[in-house]
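Both complexes shown next keep chain A, but they swap its partner, so chain B is in the first and chain C is in the second.
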Partner chain A sequence: MVSPILLIAVPLGLAFAIPVLGLASKRVPRYVPVIAMLFNLVVSVSLLPHALKAPIVVRTAGWAPPYSIHLVAGPLGVLLSSLIALIGLLVAVYGIDYIREGAKVKYQILYILMLVGATGVVLTGDIFNLFVFFEVLCISSYALVAYRGDSTGVEAGAKYLIQGAIGSGLVLIGIGLVYGTFGTLTMADIAANVSSVGSFRLFVSLAFLITGFGVEAAIFPLNGWLPDAHSSAPSSISAILSGIAIKAGLYAIARVVYTVYGASSILPFLAVLGIVTLLIGEMCAFGQEDIKRLLAFSSIGQMGLILFALALASATGISGAVFLIVSHGLAKALLFLASGYMIYRTGSRDISSLNGIGKRMPIMSLCFTVGAFSLIGLPPFVGFASKFTIVRAVLGTGSTFFITLLAIGLIGTVIEGAYFLRIVQGFYFKPAPEDSPEQTEGKVPFSALVPVGLLAVLILTIGLFPGIVGRVLGPAADDLLDRTAYVQHVMGD
Partner chain B sequence: MSPQAILITAFAGAGLVFLAGKVHSHLRDFLAVLSSLALVGLIAWSHGQYGPDNEIVYVPDFLGMELALRLNPLAWFFAIYIAIINAASVVFSLSYMKGKEKLGFYYSMMLLVNAGMLGIVLSGDFLSFYIFWEIMSWSTYLLISYRRGPALHAGMKYIIMSLVGSCAMLVGILSLYAQFGTLQIAELGEAIAGSSSGYVLFILMAMGIAFGVKFAILPLHTWMPDAHSEAVSPFSAVLSGVLVRMGMYGFLLVMYSIVGLKTILNLGAGFFNFHYILSWLGAITIVIPTFIALLQNDAKKLLAWHGIGQGGYMILGMAFGTSLGVAGGIFHTINHGSYIALLFLVVGAVEYRTGGVRDLNRLGGLIQRMPVAFFGCLVGIMGLIGMPLTNGFVSKWFIYKTLITEGHPFLAFMAFVGTWGTILSVYKLLHNMFLGQLPEKYKEVRKAPISMQIPILFFCFVIFLFGVLPGIPLRAIQGIQDTMGFAPLQLTMWGLASGAGALNMLNICFAIVIAFAVVLLLMRLGAKPRRVPQEDSYAAGSSVPAGKYHHSVEFYNPLYQMISPYLKDRVDQFYYWAADKAQGVFELTRRIYTGYAGTYVLYIISFLALLIFLQLAWEIW
Partner chain C sequence: MSFLSSYIHYIGCFSLILIGLYVVLVKPNLIKVIIGINLMGTGVNLFLVTVGYIHAGTAPIFSEAAQQPEGMVDPVPQALVLTAIVIGVAVLALALSLAIRVYDHYGTLDLRKIKALRW
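Up next is the complex of A and B:
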């Protein structure tokens, strides 16, 4: 068995090797992220069977927890790191030709760093490293949002930076409070001692952590940065931000609330918050004229649904949430990647300018349609299986409170259906605008068709055979729910 | 033939036709016709092969649930009905769609809709049912949008209402799962027996919204007039003939196969009985849409409104839960499928030959130009009205009889009123297309191509066949009713042998033939008729120059002015109003995202403050 630490160390090493490699050949750097992510994918997937048996705890420098920095690669963590590596790999392939101008070498470095940050967040076992990896993720995404260097990009990046920095600050304060209380940063150790401390003091630290991570997790009302950042970033970065980065924030919240604090009594509050986020995201997405802004708002909506499902506190609910993380990651990455070349082709981000694109870019449009159908939750695509699991979990709880929230939340699905299907109609059944420029640079290279096509195939395949992911979901849910087992695994006997 | 093989053929056909469309157009057309006919053959062959052999678990573990298929009398009956109407429409499409774009897409979607519907009726559990239901819904949406222009709006309206229905159904299905731990239809029937009536009502409501949207029961009907009139005509035939009736299948399945006859009849008390309310909804669904149909000048809109109205008869028959009523409801479903499909195809043929005209004020006099289409239209409207010798007569007879013997004169009266409205409006359809003077521009119209004539004549044949020998389908319906626990009817090949509503179509047939012979004889004895050209017509005693006066413009104008103020589709207006208001709210919501970083920081801090406030005030943790 390879050590999970390689998932962080190898890409990190490769990232810093890029400038050196860049001296040797100008063409090499663009392939480095592909190699790094391919490595991560292989390692993550090979770790999965081991993690399913028992979480893999990696100790560094020979110290046992709670004194060491350590990784805890449980089923949830490894599943998410596989997802990160998979989407990271596909987007890296896409980026080979998509990124044409600007500081290409820096792009590749930041790209790897961003993914390393996300991987670290889902694998780490101590709360301070959670913060560190979180910062790695956030800071590289601030830079990447502004990558193009145009005014909107820089403005969006700056806004993101301001809000993200405040979020990080709050997280840091929260961690400080925790450390002051318990004198330890190991999540398992805190979890073991949490019940011994008076509640209000602890709650303040929890509030700081939720708010801080909530900024990255795009929970309403903390998500003001998202529409600007996701829409102004290059499409490949938008795909990562929407497909992975915000999920890392949500993972952090779930880990803190479930494992560290065991604060199950605030879950109804989070469920309400989730439904509010869902509705607001979908309502805002409905009227958008800009395709990327629309996708960004749709991400907010989906994050709300994931949060709602996480807050159900049942094994099925969390399975559904994790499943939705996977299905939304695939679909949203697909949608951003496909729209990237559509925007190149038409030279505009207006949805109306994409009318009739189905004829000019048949494969991209078909894949986009698959992604959109999956997001709405139409069978036989993967989105259906995940939304189905969530609805099943809600009705399984039998609580009127959650069923009412679900009924409200389903309105969001209808709105989502309305705007996505309108776009699909435009692709195929509306005439192309007359002044649309036939830009040759929009010709889709092979390096873009492959990842987009693969994502569509994955969406369909997992939709038809949800068992592929389904087997991991149960253990992943237990990973979050079962605190005592987590503590035991990490702290040992 | 196992249900699995049927479904594999159906889905593979859809996929292959799409690929064949990339290769060659003839191959594509050939495959489309072949696979739709093969399905008819396969299903016909599997007749009677019910039982445990054909209950197949095809996916043992889909998210922890079993997906199963099964073949039983109900499934077979609906399957053959779906496959036949679809095959006829595909054959009709050959010339109707010739030269249009994206035909590979068109044919494969036709077959996909077909496959989805077959999947619905062959499903042995509700998860499969839901999956196929959704596949049918989205492929229908794509196919409605295919025509572009106003069809885009119709498609959106359809899919949004359909999504609302699907959400309701999903909640209903998963509530069953949460309650009983299974979604197998056979097991649910036993499990639900002991539930409280409140819970049963909840399930019926949740499912009823989904089925009601598809079925277009008032007030969930508003998508249908737009969708049916904007879709291409062969698909309108499928849409109105079978797709809408998936709602009927759903109602039958949930009401009688699962909940069971006894529970349904005892649901609620007195006036607020479930089946009583459902039958009133059915009656309203007959009357209002039928008269709205009268006001239409678009031939397809007219038929679409009739599609809604005729659905009311089916509900009315089905809601009462008597053997006669349910048999009438099911029989009316396939009868309606045969003649409404026929009428849509006729309108499609006229549209095809006149260059896309379906405005009834601009047509007329085509009887000699398109004799087969005229004959089809005549037979179709005879069926729609329910004239003796056509199948519509028999099923309506059953339904009327049920209403009268069950003691519901008001409902029976509403059903009769609906028939009067039907007579008036379909005569308008026949007259304005085929009778009266032939406008100058249609002088050169040719008769419909052979691939259109075949389906038209086929449906005419079916209408008469089931009208004179209703025993053929009624036997199959009897098989369905046996599985649901209804008392058997005294069937003969000609109708009903005894009991309430005894009917012998053979006698009626003889009587009509004799009456015809007498009339013919009298005409022969009278003065010799003189043949005149079609333009040779008179008004107020003087001859009308050709082209000066067109008989078929503003038909029923005085009646129109009288009734139109009462027949606004207020439900539709309400939905538009609600959608408009909702969009206003969406716009307001967007203002939350001001674009100023300062505001956003304020949000973050306020959120933190809120959390702490909540804790201080209510101790949430």
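Up next is the complex of A and C:
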């Protein structure tokens, strides 16, 4: 068994080796992210059977927790790190030819750093280490949003940075309060001692942590940056931001609320926030004319649904949430990647300019349609399986409160169906605009067709055989919910 | 009086945080907003140090064998602050370089005039 620490160490080393490799040959740097993510994917998947048996605890410098900074590779962490590596790998392949101008070498470094940050967030067992990896993720994504250096990108990057920096400040205050209260930063150690502290002191620190992580997770009042950042970034980066980065924030919230604090009393509040986020996101998406902004708002909506499912506090609910994280990650990455070349081809981001593109770019349009149908939740795609799990979980709780919320939330899904079907209808059944200039640079290279096609195939395969992922979902949910087992595994001997 | 003197560090660092937040929320100039973020970061760092502070404590260095850990300040928050300062510097550098780019494109740093993007 390989140590999970390599999931962080190897890509990090490769990222900083890129400038040196770039001296040797100009063509090498663009392949480095592919190698790094391929390595991560192989290692993560090979770790999965071990993590399912028992979480792997990696101690640094030979000190046992709570004195060391350690990694805990449980089922949830390894599942998410596999997802990160998979999407990271496909988007890295896509990025080989997609990134045409600008500082290409720096793009590749930042790209790996962003994924390392996300991997670190899902694997760490130390709350300050969580913050550090979170910052690695955030800082590299601020820079990547502004990567093109055009006016919208820079503006979006500045907005994102201002809100993100305040969020990180709040997280740090929360960590300070936690350390002041418990005298430890190890999540398992805090979890073991949480019951000995008055609820008000817990609430204050938890409120700081949730608000801080909530900025990155794009929970409703804190998501002003998201539509700008996700739509102004290059499409490959939007795919990672929507597919992975916001999930890292949500994972941090779930880990803190469930494992560390065991705070079940704030869950109804989070459920309401989730539904509000869902409705706001979908309603804003409905009115968009810009395809990437529409996808960004749709991400907000899906994050709301995931938050709602996480707040159910039942094993099925959390399985559904994790399943939706997987399915939304795949589908949204696919949609952004496909729309990237459609925008290159038509030279415009207006939805109306994409009319009739089904004839000009048949494969891309077909894959986009698969992704859109999966997001709406149509069978046989993976989105249906995940949303169905959530609905089943809500009905399983039998509580009027959650069922009412779900009923409101389903309105959001209907709106989602409406705008995605409108786009797909435009692809196939509307004539192309008369004056559409045929951009020659829009030829889709092989390196873009492969990841987009693979994502579509994955969405269909997992949709037809949900058991592929389903086996891991149950243990992943237990990983979050079962606090005593978590504490035992980490603190151990 | 005794309340003030025993909690003066906490009052100080949370005032800094609030001043920083106020600047971010109210000032329209991008550079001032960045200064506000930094003020807030300084307040947070001070707060972290304060958490490990003991009145009249010494540095946690065991120079003599018989020395006891009582009366020494907690070194962990100081290590955290070092990390947080480094992160703060990175954010500050990135923010300032973005501000330069914003000025290049819009010819102003007034956030009320920079609104190509909106919901």
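Here is the rule we go by: the second predicted complex is superposed on the first by the 493 of 493 C-alpha atoms of A that agree within 3 Å, B and C clash if a C-alpha of one lies under 4 Å from a C-alpha of the other, contacts with A are read in each partner's own complex, and residues count from 1 in each chain.
Everything below uses one rule, namely that a contact is a pair of C-beta atoms (placed from the backbone, for glycine too) under 8 Å apart; a residue touches a chain by one contact, two chains touch by 3 or more.
Small disclaimer: the values here were computed from a predicted structure and weren't measured.
Asks: Could you look at A:Ile468 and tell me whether it touches chain B, chain C, both or neither (first, second, both, neither)?
Replies: After superposition on chain A, A:Ile468 lies in contact with neither partner.
Asks: Is A:Ala385 touching anything from chain B or chain C once the two structures are fitted on A? First, second, both or neither.
Replies: First partner only, chain B.
Asks: Which holds for A:Leu406: it touches chain B only (first), chain C only (second), both, or neither?
Replies: In the superposition, A:Leu406 touches chain B alone.
Asks: So in the superposed three-chain picture, is A:Asp228 touching just chain B, just chain C, both, or none of them (first/second/both/neither)?
Replies: both
Asks: In the superposed arrangement, which partner chain does A:Ala158 touch: chain B (first), chain C (second), both, or neither?
Replies: both
Asks: Quick one: is A:Val20 in contact with chain B, with chain C, with both, or with neither? Answer first, second, both or neither.
Replies: Neither: A:Val20 stays clear of chain B and chain C.
Asks: Kindly classify A:Ile166 by the partners it touches after superposition: chain B alone (first), chain C alone (second), both, or neither?
Replies: In the superposition, A:Ile166 touches chain B and chain C alike.
Asks: Considering only touches as defined above, state whether A:Leu185 meets chain B (first), chain C (second), both or neither.
Replies: After superposing on A, A:Leu185 lies in contact with chain C but is clear of chain B.
Asks: Please indicate which partner A:Ala54 is in contact with in the superposed arrangement: first for chain B, second for chain C, both, or neither.
Replies: neither
Asks: Going by the contact definition given at the top, which residues of chain A touch chain B in one complex and chain C in the other?
Replies: 158-159, 162, 166, 224, 227-228, 284
Asks: What residues of chain A sit close enough to touch chain B in their complex?
Replies: Touching chain B from chain A are residues 158-159, 162-163, 166-167, 170, 199-200, 203-204, 206-208, 210-211, 214-215, 221-222, 224-225, 227-228, 263, 265-266, 269, 280, 283-284, 286-287, 373, 376, 378-380, 384-385, 388-389, 391-392, 394-396, 398, 403, 406-407, 410, 413-415, 417-418, 421-422, 425, 428-431, 466-467, 470.
Asks: Touching residues of chain A toward chain C in the complex: what are they?
Replies: Against chain C, chain A makes touches at 128, 132, 135, 139, 142-143, 146, 149-152, 154-159, 161-162, 165-166, 168-169, 172-173, 175-176, 179-180, 183, 185, 224, 227-228, 231-232, 284.
Asks: Inside the complex, what are the residues of chain C that reach chain A?
Replies: Per the touch definition, chain C meets chain A at residues 17, 20-21, 24, 30, 33-34, 37, 40-41, 44, 47-48, 51-52, 74, 76-77, 80, 83-84, 87, 90-91, 94-95, 98-99, 101-102, 105-106, 114, 116-117, 119.
Asks: Give the list of chain B residues in touch with chain A in this complex.
Replies: It comes out as residues 61-64, 102, 130-131, 134-135, 137-138, 141-142, 145-146, 148, 151-152, 155-156, 159-160, 163-164, 167, 170-171, 174-175, 177-178, 583, 585-587, 589-590, 592-595, 597, 599-601, 603-608, 611-612, 614-616, 619-621.
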